[in-house]
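In what follows, chain A forms one complex with chain B and a second complex with chain C.
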Partner chain A sequence: MIPIFDYILLIFLIVAAVISLKVKDLLSASMVFGIYSFLICLLWAEMGAVDVAFTEAAVGAGVSAVFLIATVYNTKRRSSD
Partner chain B sequence: MREFLEQSIQPYFNYWVYVILMMIGLWATIAKNNLIKKLIGMSIFQTAIILFYVSVGVKKDSKIPIIPHQVEEHHAAEDGNHAGGHGEHGAKRVTEKHVIEPDKFANPLPHVLMLTAIVVGVSTLGVALAVVQMLFKEFGTLEEDEILAQIKTADSASLDV
Partner chain C sequence: MKWIALIAVTLTGSLLLVGVGDFPEWGDAHSAANEGPKLESGEQIATAVSQSFLTDTDELTQVPNVVTAVLADYRGYDTMFETVVIFAAGLAIFAILRVFGGDEVKPMRAPEDDTFCEGDHSRIIIGTTCKLLIPIIQLFALYVIAHGHHSPGGGFQGGVIMGASFILLAIARDLKSALDWFSEKTFMRLASVGILIYAGFGVLCQFFERNFLDYGALKTVMFSSEQMARSYAMLGVEIGVAFTVTAIMFAIYANLSSRGELKQGL
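Right after this comes the complex of A and B.
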């Protein structure tokens, strides 16, 4: 565990979470959520949980981003909040 | 202030961020109006809980939980068997190499539990997004208040008849 890297990743994580909830375009929200997932994957590799990290990279970042984009494609792109 | 920073925040920074992320997720799940935003908040909540569990398993200066030098151990055992007179020496080397210091590895038990949690979280998200698409086909909108208003007018219309 590397402390400085840890702090930077955790702060970026909070920023990415807030941006993905605040942005009004749902496609942008899905993409920023993908960025959030890759950041937390990097955090787990750094904390020594490599198995969790590659599961998150494949399943969390890959599949859930695809699900979200498919739903936005089939429905509306604008959000009121 | 400095004392508080050094004693309470710096050693437990992972836990502070875990609580902040969990509260962001809870706020989005309750207060957001758009259904997809609610689901993104739910996913953030889940990853926050996984962050807590993985943080529990981390030790200071710990490495990934894989035991190295497996091949060398095997070689040392073979040498001991073949060398005859030096057999005792070889066996001693093997026992020395078998010592594993748990302090140097992160605890792998929470990692294994959280693998299941990630997969379950993604399948929950998939089912929820399928339900959102069905709701969009039915009502033509993703906003919660508009859906509730449509349900209300439909209910009052059926009561009037």
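Right after this comes the complex of A and C.
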């Protein structure tokens, strides 16, 4: 593990999590959620859990972001709270 | 109400953080999980099962990737029901969203006619790019599935990538042309066939008077040693998982994007 790389990833992780919760536009929120998944994927790859990282990249950052966007398009785009 | 939620979240979060303090160091070879439980005096009570996974897997199953061996062989029963969970998720989406005929929901967008309009240039670019990309994505998915016990990957990841290639087709063109390739009948059948392949390997082992999913029993069917039979059976099982995951990923997307009508997607 490279500590400085870890700290950068973790800071970005928290920033992405807060943004995806705070943003009113649900489309942007799901995009940022994809970024969050990808950062977790990097973190796992960096810790040596390559299989888990692969799953996270495919499922978390890839397909689930697409599912969220498909849902946003069929509902309202703006969050009400 | 929001304040109560905030207090609950903060409390749970801090409890989790306190719990993290008891974890062994990252990558600690002498932790209980890696070496086995110890007494206060440092005396070893038993060896952890992870040690035998790491040392014996290559010898017993001829599979270099220990993660796949654990996933598909040592805890194969668990993985089978993980696949069933994915299948159940697809069925749930089908049961909740799918509508047949019935009342007309108004189309999301004005129906496009054949005349050339503003966005057509970009549609040509997107269409051509996807035509080039989709075969490569599918080839990569097949590689991930087939190579799952030698390198990271396997049925779940490969299946998701394969499903994503069909989703890309549905996004780049329209849902209808993706459904022409991969109709609802096909993907629902494929999803069930995947689980049947997995369970079939398990039941086949029982015919040779061994336990369910004890792949070593298949050596007479596979014409190989017991170790290679386990390796081959893992590959077979991963293919079953990939079938189900591919089908269900596309099924979820198709139902979500068309409000369950499977007519007009995004």
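Rule of thumb we're sticking to: the second predicted complex is superposed on the first by the 81 of 81 C-alpha atoms of A that agree within 3 Å, B and C clash if a C-alpha of one lies under 4 Å from a C-alpha of the other, contacts with A are read in each partner's own complex, and residues count from 1 in each chain.
What we mean here is this: contacts are C-beta pairs under 8 Å (C-beta built on N, C-alpha and C of every residue); 3 or more make two chains touch, one makes a residue touch a chain.
Everything numeric in this text was worked out from a predicted model, so none of it was measured.
*Asks:* Looking at A:6 after the superposition, I want to know if it touches chain B, chain C, both of them or none. Which is it: first, second, both, neither?
*Replies:* After superposing on A, A:6 lies in contact with chain B but is clear of chain C.
*Asks:* Pick one for A:59: touches chain B only (first), chain C only (second), both, or neither.
*Replies:* So A:59 meets both chain B and chain C here.
*Asks:* Please name the chain, chain B or chain C, that touches the greater number of residues in chain A.
*Replies:* Partner with more touched residues of chain A: B.
*Asks:* Could you look at A:73 and tell me whether it touches chain B, chain C, both or neither (first, second, both, neither)?
*Replies:* second
*Asks:* State whether A:47 touches chain B only (first), chain C only (second), both chains, or neither.
*Replies:* both
*Asks:* Intersection of chain A residues contacting chain B with those contacting chain C?
*Replies:* Touching chain B and chain C on chain A: residues 1, 47-48, 50-51, 55, 59, 63, 67, 70-71, 74.
*Asks:* In the complex formed with chain A, which residues of chain C make contact?
*Replies:* 26-27, 65, 67-68, 108, 144, 152-154, 156-157, 160-161, 163-164, 167, 171, 249, 252-253, 256-257, 259, 265-266
*Asks:* Mind pulling up the chain A residues that touch chain B in the complex?
*Replies:* Touching chain B: residues 1, 6-7, 10, 13-14, 17-18, 20-21, 26, 29-30, 33, 36-37, 40, 43-44, 47-52, 55-56, 59-60, 63-64, 67-68, 70-72, 74-76, 79-81 of chain A.
*Asks:* Can you check the complex and tell me which residues of chain B touch chain A?
*Replies:* Checking each residue of chain B against chain A gives 13-14, 17, 20-21, 24-25, 28, 32-34, 36-37, 39-41, 43-44, 47, 50-51, 54-55, 57-58, 60-65, 105-106, 111-112, 114-115, 118-119, 121-122, 125-126, 129, 132-133, 136, 141-143.
*Asks:* In the complex formed with chain C, which residues of chain A make contact?
*Replies:* 1, 47-48, 50-51, 53-55, 58-59, 62-63, 66-67, 70-71, 73-74
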